[in-house]
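Labels A, B and C are assigned to the chains in the order they are written; within every chain, residues are numbered from 1.
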Amino acid sequence: MKNFSQNDIISIRDLSKDNLEEIYSKTNEIIEMKAEERREIARGKTLGYLFFEPSTRTRLSFQSAMALLGGTSFGIADATSSSVQKGESLADTVRIMSGYTDAIVLRHSLDGSSKFAAEVSSKPIINAGSGTEEHPTQAIQDLYTIKKELGKIDGKNIGIVGDLKYGRTVYSLLYGLSNYDVNVHLISPESLKIRSDSTYNLKENLSYTESENLDEYIEDLDVLYVTRIQKERFPDEEEYVKVKGSYVIGQDVVNKMKDDSILLHPLPRIDEISTDVDSSKQAKYFQQAEYGKFTRAAILSLLLQ
Amino acid sequence: MKNFSQNDIISIRDLSKDNLEEIYSKTNEIIEMKAEERREIARGKTLGYLFFEPSTRTRLSFQSAMALLGGTSFGIADATSSSVQKGESLADTVRIMSGYTDAIVLRHSLDGSSKFAAEVSSKPIINAGSGTEEHPTQAIQDLYTIKKELGKIDGKNIGIVGDLKYGRTVYSLLYGLSNYDVNVHLISPESLKIRSDSTYNLKENLSYTESENLDEYIEDLDVLYVTRIQKERFPDEEEYVKVKGSYVIGQDVVNKMKDDSILLHPLPRIDEISTDVDSSKQAKYFQQAEYGKFTRAAILSLLLQ
Amino acid sequence: MKNFSQNDIISIRDLSKDNLEEIYSKTNEIIEMKAEERREIARGKTLGYLFFEPSTRTRLSFQSAMALLGGTSFGIADATSSSVQKGESLADTVRIMSGYTDAIVLRHSLDGSSKFAAEVSSKPIINAGSGTEEHPTQAIQDLYTIKKELGKIDGKNIGIVGDLKYGRTVYSLLYGLSNYDVNVHLISPESLKIRSDSTYNLKENLSYTESENLDEYIEDLDVLYVTRIQKERFPDEEEYVKVKGSYVIGQDVVNKMKDDSILLHPLPRIDEISTDVDSSKQAKYFQQAEYGKFTRAAILSLLLQ
């Protein structure tokens, strides 16, 4: 991607390291701006959201980002109460929405949906999660959090634990991390390892280990990124119960972590991290969520200019 | 209607030709205005929407219109998550909403609902679709599109094809067209002809033919207005399949159309128009949808002044 | 409560008489302000709403209040389309929302939910109805209406009729009234009397009678506050039908009321008050609803400062 202006955010893979650094800079700039100055950035601009899958967090963080910039947002929070029910195609919905707004945020269950939407839209499309692999704005938020909290991303030991197979967040984060010189440790039960079809061109750019045992790495990690393990992903309940217990991050696990390491989670959390860990020094997941407001404001600011 | 200020938009039948022309002028004015100027029109004003039937397009176009004018909109997008479920009457809901906002957009399945709402509301009511006949803001958008794209409405040959019996859009458009000197050709299967009870006082002001055969007229049309044919309207599936095929507008049909004719559709489209037609010169339905943002902004601007 | 700035509104019991009077003053101030002046109060500020129970009226009145002050609101109108479905805790939802907005409005079925939310939120929490007892902003709106319409609250005879057992509105109103020197008459069927567990520390500050017979008091009342009687609260339908009829306020009942008395209802109304009463001098429930916009604007204005 050459420049952001009036462009789309479809995949984290489209963003070079320079693109990412530009977003981080813009994020810092927005955080430091005076409120009155920020409100001028998208004044009179509109953001349309089209959520074909439920997602509170992502929608609200985009709405808060747009409000921060002085703009307005509206759309479809839940595709069940929409014309989509009348059988309208995604292409038509997007095309019409692009006549109503200055940019569109799209969440859709299908791989490629955002790319497809961008082809028919006359306004920038921002992928707010599609299919099994893509959630670029989440990855940007995650990378920004690491950089902001640890000063830099290069040279860090990053553990990612939990369900690595089904979470689109993990794939986007890995592709994002492949721009940096990091050591990644993937920790999951055998049945929830990352899919090779989604990572085959990742290996040349990113060095990572795979393991079932968090204890091997915990003491050396700078970042521990925890993901949700969903019961419905398991073939039988017995295996779920076994696995679930082994990846719950409690205070005992945090105690093994370095003093200046950080614990992240894309949220929502069910019980992968005990709530008694929330007050620990390492717990940064709520901060990470709040950074999402500013990274999304930065993205909107770059696209709408 | 004498003037728009603080008045209601209940039926296209309440609007004289002068009223319509005033809306077209205001629409042109708003399109040409600078963004900063537009944003002053409804600054600090609020639009409440009450949708008792699902409708994405109409709601979003009103929200985009209100945002364009610098105002705020909020309301009930889906009456199932509202006090209506607690058994509240439409009158009470409207009365309370009129205490919260500067104007109300109402969609409701009952004929007469908007008229009734206007009687109890202390603020202007805009009918966003009621019962079987009324959808005045859609008709205004359709008329504006014809005028904008063809220069004038008078003297044009206008074909309307599809389900003419059940679509409220068609009736409102016909009443709107009755202000002009046009030739209308209604083309539908026998079972989906327009209802005589909804058109009995139309015939004196509008000359139209009825036919099952689009081919008779296609070469002479200036406007071909296509409507959705809904499967559930047919007594048996066999008839549906037969009819459906015969009114699908493909490139072969468009090829017969005049070079400077236009193809319209109120949308959402299912498959009445093939997507390969989208790129044809005649296809103006997405443009028509976008004009709806500006015609609604014009209406809001006139009512709120 | 010492002062409102950045504080929470959890329970009407936390508010002293001085606090209440400060809200009334602020409400009057906001009503009298010029629109341009009002719009500066929350300019660039955001209100997040989290509704875990449906409530149109309360949500819309907060949205209209925020718009009046020039601010933006967004959130979850209906918890079924949210991450809550993914099993997220209330604490996490609130914590994240507090990173996105400047204040949070919460409606939740559990007693204590707002207090709990306030403990984890970094921004002010406003209880928009919780559990069986608390609906402080409704009580403030009710008290303000009495004061505004009758000049003062002290010395007034206030009848409250209907379902006094299950309505959270009644308990909050009673606690609010306990700041004033009033005579309260509670009128309900035996099975819908107020719960003693919710009022045991009310009696020292508020004098009230309990009766089944509205006729005993009707002529002396300054305020008649009517609540909804819900069918589903009754053990058998026969009792419901019997009770329902006896508390419907028709014109015959209003005729017995003093000329300068007022008839209130928190709304939505089903049929506890006949619609022919709406035009009577005493009927102030729609006015009461509209005051809610201004009292909520006053509350927001005080909290956000």
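The rule is simple: contacts are C-beta pairs under 8 Å (C-beta built on N, C-alpha and C of every residue); 3 or more make two chains touch, one makes a residue touch a chain.
Remember, it's a predicted structure, so these values are computed and weren't measured experimentally.
> Validating interface symmetry: for the copies chain B and chain C, is the fraction of residue numbers used by both over half? Same or different.
Under half of the interface numbering overlaps between copies: different.
> Given that chain A is a copy of chain C, what angle of rotation, in degrees and a multiple of 5, matches their CA positions?
120
> Between chain B and chain C, what distance separates the C-alpha centroids? Give it in angstrom.
40
> Hey, what residues on chain A touch two or more of the other chains?
In chain A, residues 72 touch at least two other chains, as defined above.
> Can you tell me which positions in chain B touch chain A when the two form their complex?
35-36, 38-39, 54-57, 60-61, 63-64, 67, 70, 72-73, 77-78, 80, 228, 267-270, 275, 286, 289-290, 293
> Write out the stretch or stretches of chain C touching chain A in their complex.
Residue positions touching the partner: 43-44, 46, 48, 72, 74-76, 81-89, 91-93, 95-97, 99-101.
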